[in-house]
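Two complexes, one shared chain (chain A), two partners (chain B, chain C).
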Partner chain A sequence: MTGGDGGHVLEQKGHRLVEVSMTKDPGGTTGSATPILDVRGVTKSYPSRRGDVLAVRGIDFAVRPGEFVSVVGPSGCGKTTLMMCVAGLLPLSGGTLTFRGSPMTGPQDGVAVVFQDYSRSLFPWLTVEKNVALPLRDRKIPRPEIRSRVGQALETVGLGHAAGLHPWQLSGGMQQRVAIARGLAVRPEMLIMDEPFASVDAQTRASLEDLVLRIWAETGTTVLFVTHDIDEAVYLSDRVVVLSQGPSVVVADIPVELPRPRDQIETKQIPLFGALRAQVFNLVMASERRTSLSGPGARD
Partner chain B sequence: MRARGGPVDDTSGKGTRPVATGERTRPQAPDTPGTGPDTSSGQAAGTGGRGRGPLPAWVLGGAGVVTMFVCWDLVVRLGVISPDSVPPPADTMVRLAELLADASFLGQVLQTLLAWLVSMLLASAVGVPLGLVLGYFATLYRPASALVHAARSIPSSAFLPIVILLFGLGLQMKVSLSAYAVFWPILLNAMYGVRDAEPLMLTAGRAMGWGRGRLLARIVLPSAAPAIATGLRVACSTALIVVLSAELLGATSGVGTVITTYQEAQRPDYVYAGILIIGVLGMLIYYGVNLAERLLVPWGHAQRGADR
Partner chain C sequence: MSAANGTGAVTPPAAPSGVSVAGVAGRVLRGLAWAGQRLWLLAALLVLWEVLARQAGSLFIPPFSTIVTAFADTWLSDRLVALFLSDQFLADVLPSLARLGAGYGMATVIGVCGGIVLGVWRQAGAFFNPLIRLGMAVPVTMLLPVAIVIFGITSGMNIFLIALGCLWPILVNTYDGIRGLDTTMTTAARSLRLSPRRHFLSVLLPGASPSIVAGMRISVGIGLVLMVISELFAATAGLGFFIVNQQKLFRFPELWSAILLVALLGILLNGIFELAERSVLRWHRAAKAGAGDRR
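Showing the complex of A and B:
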């Protein structure tokens, strides 16, 4: 059921992105592989007292199976709104979402979401183990299978020893790893992460980034990673989608042709890393300057 | 399996491991300022030691009781208060022992406890579910809260004449007064509790494909549980006070009635012995409820004083 086993499509290093304007048909055959996720003209507005407020406008991008794609943009630009839409958690105001070739209307079984605020997305009344088992409960999976999957997911994030503890007994970084394990337990085809490391300290953040890269490499899951951190986006991704200030539109879709495996020190010393970083930085800053009246996007 | 994946495992694996072993269950430096107090308070509650100082809690609690008795004794011995109105503690303790050995007195204690228990059961059987419903539906919440705040500010003693007319001086009268008094804190806390459900947690539930029923059972109710427990804890103490007041004001059974009888018989030593017994009852109920709360909804203690 996971994209990771067997027939998983391997991409060449440094592949090109699917051109934004090229494919209009869902699950189109343009490019080297059918996108696992196709975002076409996605628009989201919120009603307010002074009429509708546009948070994201006409977002187009596609993610191919096994790709690691980051979405960056100035803070408050509607990244979280976009993520919620793509996860099927918010109804769209316009546009279409296609997941594995079929139109997407709500949360999908093959998608797991990891939120920024781990302390409020984990359930304090459940142990770590039971938190991770939560998404498996309604899937008619036999108990021993659930146990082994949970154990495996916790081992993957290095928390096998913490299974019986409660989330509030763990540090922030450990809690976020529990949240990641909960996402992994369902063996998702796509993992959506919404600024997952925005509230941990720098060292924890670096180690969590490498953890996510390792998981991505081991499981072959597709990752859509939302962040405001440009370095993080460039360091992790195959491609960086840059959003403008709200109402946000895609201003660029930049392939990151840095060699893998990546290393916190070596990768960041490669001149290309610096160049990409500067390119993304300029795009983000330019979009921030362009709109002096900041659109009220989602929360940060 | 993945072309570019292989070697990544090793490097990033090593990258994470030291941190994984470095962070134990008790992090020396919390990752975020936000979770710092969270974690430490959780552990304080978890170990149950509550030990700020070097002495265990029961020693300190006992010291408080001893101090009270010493002060009481001094006040009487020095003649600050006449022994006719306040007997020395030693005499009172003798009377207390007599009372505790007296089956008919213990029967009265049971009468008090019965009224307490029945009123608690009634009030929570109605208050908790009603509070959950009122809190959950936004359209009901506002109109209901205005009414609730008006109704709860009426002291239950205001209803005493009506209640006596309706029910006489027996158990029903005590129960109805007490149930009325504790219904409000129970109801209000259940109402607030439902609203405590964390929106992001609900979103996480929806991301796992849960519908309304599952969100309610798996997130809203457990989130409301600590607040409900708080309401019940407050209500337990209040119910005892109201039941005793009803007994002092004219009910025909219970510890309060016994105290009134001895007061009319000019026996302050028995009166104070009765008062002490009431105090001990209240204390036992408080500790019992606290313990139950800690066992049943430990996550409430964990989050108390954290980010709310």
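Showing the complex of A and C:
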């Protein structure tokens, strides 16, 4: 497993719990340290009747090529907003996004997004095969290649047999696998996943987590994984970015130095897993407590 | 919900029997029972009509059997080449259907394209909205005298009225269909970076199609009414023209047979629509049923 080795060395230099990410030293130790995605001071506010509501405020973090980074935070902290901004699907109110060294203003080639709500991100009028092929159409890709790429993507997620079915004929977990296959079909350099497994049952979830790890290892794609599940974040990632309650800021950027390949049982029995889990948990809870005591809606 | 059975919810389960005499007989019996359950009220009312009309002996309301006889004499023939239709049918019904087809076709093209443009381009939607509300509010039949003055007694006049009347439901339903597209779905579509053409053909059009088809279905009925009405007032051939003529000639069984024909046409067009809907929008029904299963 070579996915994030370059990163581990860098982080061991001492940032364990800093306000901002480690890419403050862009000089870096290795060549691969040049981030594929650089998020600088990203701010997003929504207009409302009582003035603008700030959802995320001055978010800084960076993702290196091939890295698996999770973003966690208390529910309703603006994780999805941040993800939408990073995917180029929402205009920023402030800050900059740099993808592969050039500024990013809208949805980008080389970025694929998997949404939480699989039932509404797949198109029910298209078969599984056509859903996966859709982003490849009209791109001067020869038909046989489209077919082989779609077949390959479906095989990767274990749905080769379901090509001719419609999404509504599949279970939730299978639908989300179709959505992942659609992301893979474009051969993305970065896969952004927004709480992809929030609405599937526990067993399905575990197998989907391992599926994503396998895909990550096989394809070498960078993964930015948004979740509210702390175990999931620690289990999957090279690094966990912790957000505070909204308007969210980055409160910590924690390297996860658990050995790979990871295993649902063995990895979770390693003492370091427990320690990291506790650390992230405390950070998330602390930020939640802070807001609930000082916020306008505080009781007592 | 199992994968293989997903379609089972849409079509009624077919009898698994092979081609056996008992199977066929059973199917025929079940078909009769089905028809009986749904049509007994209609049959009873027709019998009542027959009895009452015979007793009253009115010239204007002939017994139903007389109407059926007149129907066969007027509209049907024994010639296979004419598909068993009479010359009268070819002279009066075909022009009517051609007008309906032309007007309805124009309304569909303009309504669907216009509705999609207005739905996608918000400023244009807001700009044209008052105009559309006004257009919808004016009963198209009131424009009949104006249309006659402008177009004269021509098929163009009939087609214009049919097109105008059919346009609004299609336009508004298409617009609503586009605006009602799920934001998660449109966001997902945006993330795929589709070409505008692909976005239109694979996302917007099918996504709005349940609503578009609903509008088109409403418009079929409106079109049929406008076809007859505009011909009642001004035409040199057509079903409406035929009805007025028969009234003037005091040939009431023939007049009623034309009414019966229009009713049958309506049923036929509706049936065609239902079939088309069932095949084109199969995903829509199934997806709705599926969502109901899970939630």
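Here is the rule we go by: the second predicted complex is superposed on the first by the 260 of 300 C-alpha atoms of A that agree within 3 Å, B and C clash if a C-alpha of one lies under 4 Å from a C-alpha of the other, contacts with A are read in each partner's own complex, and residues count from 1 in each chain.
To be clear about the criterion, contacts are C-beta pairs under 8 Å (C-beta built on N, C-alpha and C of every residue); 3 or more make two chains touch, one makes a residue touch a chain.
Only a predicted model underlies this, so the values are computations on that prediction, with no experimental measurement involved.
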Combined model on chain A where chain B meets chain C, clash or fit: clash
Touching partner for A:120 - first (chain B), second (chain C), both, neither: both
Touched partner set for A:202, first chain B, second chain C, both or neither: neither
Greater chain A contact set [chain C / chain B]: B
First, second, both or neither for A:210, with chain B first and chain C second: first
First (chain B), second (chain C), both or neither touched by A:263: first
Touching partner for A:66 - first (chain B), second (chain C), both, neither: first
Clash with chain C, by chain B stretch, listed 3-11, 57-65 or 75-83: 57-65
On chain A, the residue positions that both chain B and chain C contact, one per complex: 84, 87, 89, 107, 109, 111-113, 115, 117, 119-121, 123-125, 134-135, 138, 162, 165-166, 168-172, 174
Contact footprint of chain C on chain A as seen in their complex: 84, 87, 89, 107, 109, 111-113, 115, 117, 119-126, 134-135, 137-139, 162, 165-172, 174, 182
In the complex, chain C residues that touch chain A: 1, 3-4, 6-7, 182, 184-185, 187-195, 197-198, 202-203, 206-207, 209, 283-284, 286-287, 290-291, 294
Residue ranges of chain B touching chain A (in the complex, touch as defined): 1-9, 11-13, 15-17, 19-20, 23, 25, 27, 29-32, 34-35, 38-39, 42-43, 46, 198, 200-201, 203-204, 206-210, 214, 218-219, 222, 225, 297-299, 302-303, 306-307
Chain A residues touching chain B - in the complex, by the definition given at the top: 4, 8, 10, 13, 66, 84, 87-89, 106-107, 109, 111-113, 115, 117, 119-121, 123-125, 134-135, 138, 158-159, 162, 165-166, 168-175, 199-201, 203-204, 206-208, 210-211, 213-214, 216-218, 220, 260-264
